[in-house]
Amino acid sequence: MQDEVATLLEKTASTERMAQSRYSQRIQVCMGTACMALNSEQVKTALEHAVIENGIQKQCQVQRVGCPGLCSLGPMLRVIDKTITAEANEPRETLYQQITPEVAPAIVTSLTPAAQPTSALDAHRCEVADTFFKRQVKVVLEHCSHIDPERIEDYIAHGGYRAIQSVLTEWTPQRVIDSITKAGLRGRGGAGYPTGLKWATVAKANSSNGKKYVICNGDEGDPGAYMDRSVMEGDPHRVIEGMMIAAYAIGASQGYVYVRAESPLAAKRLRVAIRQAQRAGLLGNNIAGSAFHFDIELRLGAGAFVCGEETALIASIEGGRGQPRPRPPYPAESGLWGCPTLINNVETFANIAPIIDKGWEWYAGIGTAKSKGTKVFALTGQVKTSGLIEVPMGITLREIVFDIAGGIPNNRQFKAVQTGGPSGGCIPEKFLDMPVDYESLAKVGSIMGSGGMIVMDDSTNMIEVARFFMEFCMDESCGKCVPCRVGTVQLHRLLSKFVDKTATPADLIKLEGLCKLVKHTSLCGLGQAAPNPVISTLNYFREEYEQCLKPSP
Amino acid sequence: MSKTLTLNGQMISAREGESILDAARDAGVSIPTLCHMNGVGDVGACRMCLVELAGSGKLVPACTTKISEGMEVNSDTPQLREYRRMLVELIFSERNHVCAVCVANGNCELQDLAIHVGMDHVRYDYLYPAENVDVSHPMFGMDHNRCILCTRCVRTCDEIEGAHVWDITARGIKSHTITGLAEPWGEVNTCTSCGKCVMACPTGAIFKLGATVAEMEKDREKLAFLKNARERREWV
Amino acid sequence: MANKVKLATVWLGGCSGCHMSFLDLDEWLFDLAQQVELVFSPIADVKIFPEGVDVALIEGAVANEDNLALVKRVRACSKMIISFGDCAVTGNVTALRNILGPNNAEQVLQRAYHDVQNLQPQSPRFVVEDCVTNTLHEIVPPLLPQVLPVHAVVPVDVYLPGCPPPAPRIRAVLTQLLAGNTPQMIGREMLKFG
Amino acid sequence: MTTVKTDTRYKLVEATLRRHGYSANALIEGLHTVQEAWGYLDPDVLRWLARTLKLPMSKVYGVATFYNRFVLKPQGEHSCVVCLGTACYIKGAPNTLKKIEHDLHLTPGMTTADQRVSLLKARCMGSCGLAPVVVMDGTLVGKVSPEQVTERLQEWLA
């Protein structure tokens, strides 16, 4: 029975590879949310028409893929031409940017045997690709922008579901957990809790009714962050496979993926992927002929940032108000419906299959001593090239901001980079050469967070930034505990006094005192981290606050 | 099974599974509370009962945190005292608490707490929200100006009476206590008019119609009595 | 008499209940009079708040422009000021109009002088000459957009809550002050609002 | 409750509830379907949903109002969602919102009196590469200028 699945995977993979090898030319169009907003769907249709018109449909395939990362330059597309080999016998790959349906036919024409050299496409060649991708290491995003996210066959042809297959046939749950532990993977949702340790705790936990659950937290609510959405859109099967391996390791038979309602495309792709996996017998009962049962249900969030907090997310899946509850007990002991529950973030799950596939030694070789592997960031704000990047842990902020993103536009000066969204802090220039890892970011008063990274130039008013985040936390506070419900409102009022230049020195003292109170006494992470943007701007840009004090009468 | 822990430097013993709050009360140490009420489940929302755990220095709510062997708990440090006062100030700043014209003046847990934490004035700006008073019920009234969102009425109605007439709507500073589909209380036909929410309310928010200033006395132990009677068949 | 403590009591936006409670000190007022000189008070005919005051008891919230000007002068002229009663400490009943939102003055005046009057509703809005400053101003000082507790306008040294503060509480505070101590506002007897 | 039988929209909600075995935890999924079918959460439908799932009314209302996505009032024919996420904020989204508020006298959460246009704000649409973004009738428009948005809104209102 188990061999059957192995055969199935092999057969699917070889059929798919054969099918794909028939084409010598491939045009991969990004169908991520950002590019689709810029009409990439029409671009794809135009390309398909042009392929037929030019009669090259037997050699040239137009393919839907996930996000290559250069979201500000969309619609993006990649042309892979095997008829022309570049270095080391690799087929030539060309990345094009800002393609409109009108420009699309020219791309197809350039692939016909009779093509004449033309300058029509010069303006669309992606010039920044070299510098943008040079420092990146793609683990989580390795398939994004290379495979069709709505075809399980494409995922399998790229080695997908090989990890779960070997886990089910050859690995004990303990070995899986040991591998994840040794790989040094830490939670990518923000706090950086060791993933292996979390899995081990849930695996050991007793369940009164024998049930355990796996939850994939796709409630990526940080403003300025869209890493998880891109992974779910670009490589949904990767997430499913990660959840399956986790379920096997901890002994769960039911999983939930919680996706924000604001990411309809991610939800759609996951739905398609879950159905495909169920049809292929990869989800359901007796998977791969083993005694392992596992299925996944998709749950749509309804717009509440606090649901990214694990106990709030559980309350929401249970159909209630997404309010956190005090921990302990942790979900690992008592989570969904009181059962031991493993909650990991999308990116964490997307790291699992490669760790199993390539070995923990390989994974532990990337990154720093305490922060292993890579991290995906959504780089936005005042940089020349914004987009989605994946970098090895330990890279410096300077490399990210100046090498990858090309620095600050409009001849302005760098002022700060904000990581961790409303729970993070603003990092000033003096820390630009600091390595990006969990400990270093925490040391300077920020957090890794889920991966939002916003660059600000010298025109930015830091108090307004702090107030912006405080307004966010105030609006998103669930209202359960007093310090967060009322404290954030009072902090927002105090910050407004600074913005309006009516604050007194006593207000500055009150501001600092309240930050401390809200940080130390709030019930959940949202409240505890809400003062961080204020604390960090007070630390590094205190003079801006002092300049806003009302002149004493 | 009995466990030993340290509370404010004193060794005390407590039953396994007991909360820090109960263990402290058994040992004669009172920890201030507000959203906690004997007889209904705890939610750890008001943060008044936060205590400090030695070692980590972490603050945890005494009402929802279970004791463990060798635990070292401090319930009364200068830091905790300052935080508690600030929390009470925040509650006073949130709605329109005017003790002088409140039915619960003299019988109010929030007022008592303000005295306990030594609140002589509120340092934060009052928010002065425009709140409704719902007197549509034939026997009781709800004055949202005095509601502190402790959810004791919600839990009492759900856990003891079983009617679940009350709940919380919206979120954050916009949170409100509601009856039914946010309808006037008097129009909610699931309300049994049992009056348990009136007893549960720590302030003058839920009151008996006709009660005037400082008249509204509440017997909260009735609710714990009922719970014992119903669940354990013990009438104490 | 030179070393007598200079005491002032001030009446801002409040009902004068705190002053009534002060008068409830009854015969102790004689003892008090031995130790203090009452330099400014609604019960003393003094027009301008004097300089060099030792202790000022301020009843009422800051509700109109007169209150605002007076409380600033009181602060500038007094060594110690005491927020006297709930209106001064919290805004209390005086501040209930704040619930109507900012700029509620018109609404409040309409309600007080028109809506609830049966006969001849009219706004008391004629202009008079101030005999001290020789300036013209409205007889009813313009209301502030929001009623404020005293400490929201000037720094306050001691808070003496209560609506009104019971006479024994006032006595306890004054006794401590006259003995040269900072009053200890602790416990139900000293701190209960309402 | 004759509407239950005649209004086919109830069938859509029933289908969702059936998929979850009419369990109480299907509440949010049910609310999603109600909103898709009606465009908003109608009080009568909420009552029906509460009874069908055997839940207290106050709980259903509490859940429905906790989440931003759910609206309790009918929305306008057209919708305009201004993203106020960090990237959009840094790139000038507040100016867009100010211009709309100024030109159309609308504040977020409001619908024009003629029920033509609803103005909403969002906390990050996750399309930060295109900041500032606005979603007009469900279509995401990136790198948008305040003028572009108000022009489009004027067209809707014309």
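As written, the chain order gives the labels A, B, C and D, with residue 1 at the start of each chain.
The rule is short, and it goes like this: contacts are C-beta pairs under 8 Å (C-beta built on N, C-alpha and C of every residue); 3 or more make two chains touch, one makes a residue touch a chain.
These figures come from a predicted structure and were not determined experimentally.
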| item | value |
| --- | --- |
| Best-connected chain pair, where connection means C-beta pairs in contact | A-D |
| Whole-Å gap separating chain B and chain D, where each centre is the average of the chain's CA atoms | 35 |
| Chain centre separation (chain C, chain D; CA means) in Å | 51 |
| Averaged-CA centre spacing for the pair chain B and chain A, given as whole angstrom | 40 |
| Sequence positions of chain A contacting 2 or more other chains | 304, 321, 475-476, 478 |
| Multi-chain contact residues (two or more partners), chain D | 59, 62, 66 |
| Chains touching one another, given as label pairs in label order | A-B, A-D, B-C, B-D |
| Contact footprint of chain D on chain B as seen in their complex | 158, 163-171, 178-182, 188, 190 |
| Interface residues, chain B side, partner chain A - complex | 43-47, 50, 59-61, 64-66, 83, 86-87, 90-91, 93-94, 123-125, 127, 149, 168, 170-175 |
| Chain B-touching residues of chain D, taken from the complex the two chains share | 43, 46-47, 50, 56-62, 65-66 |
| Touching residues on chain B, where the partner in the complex is chain C | 92, 96, 98-102, 105-106, 111, 114-115, 118-123, 125-126, 128-131, 145, 214 |
| Residues of chain A that touch chain D when the two form their complex | 33-34, 36-38, 70-72, 74, 220-226, 229, 261-263, 299-305, 316-323, 378, 380-382, 386-388, 418, 421, 452, 454, 456, 460, 468-469, 472, 475-476, 478 |
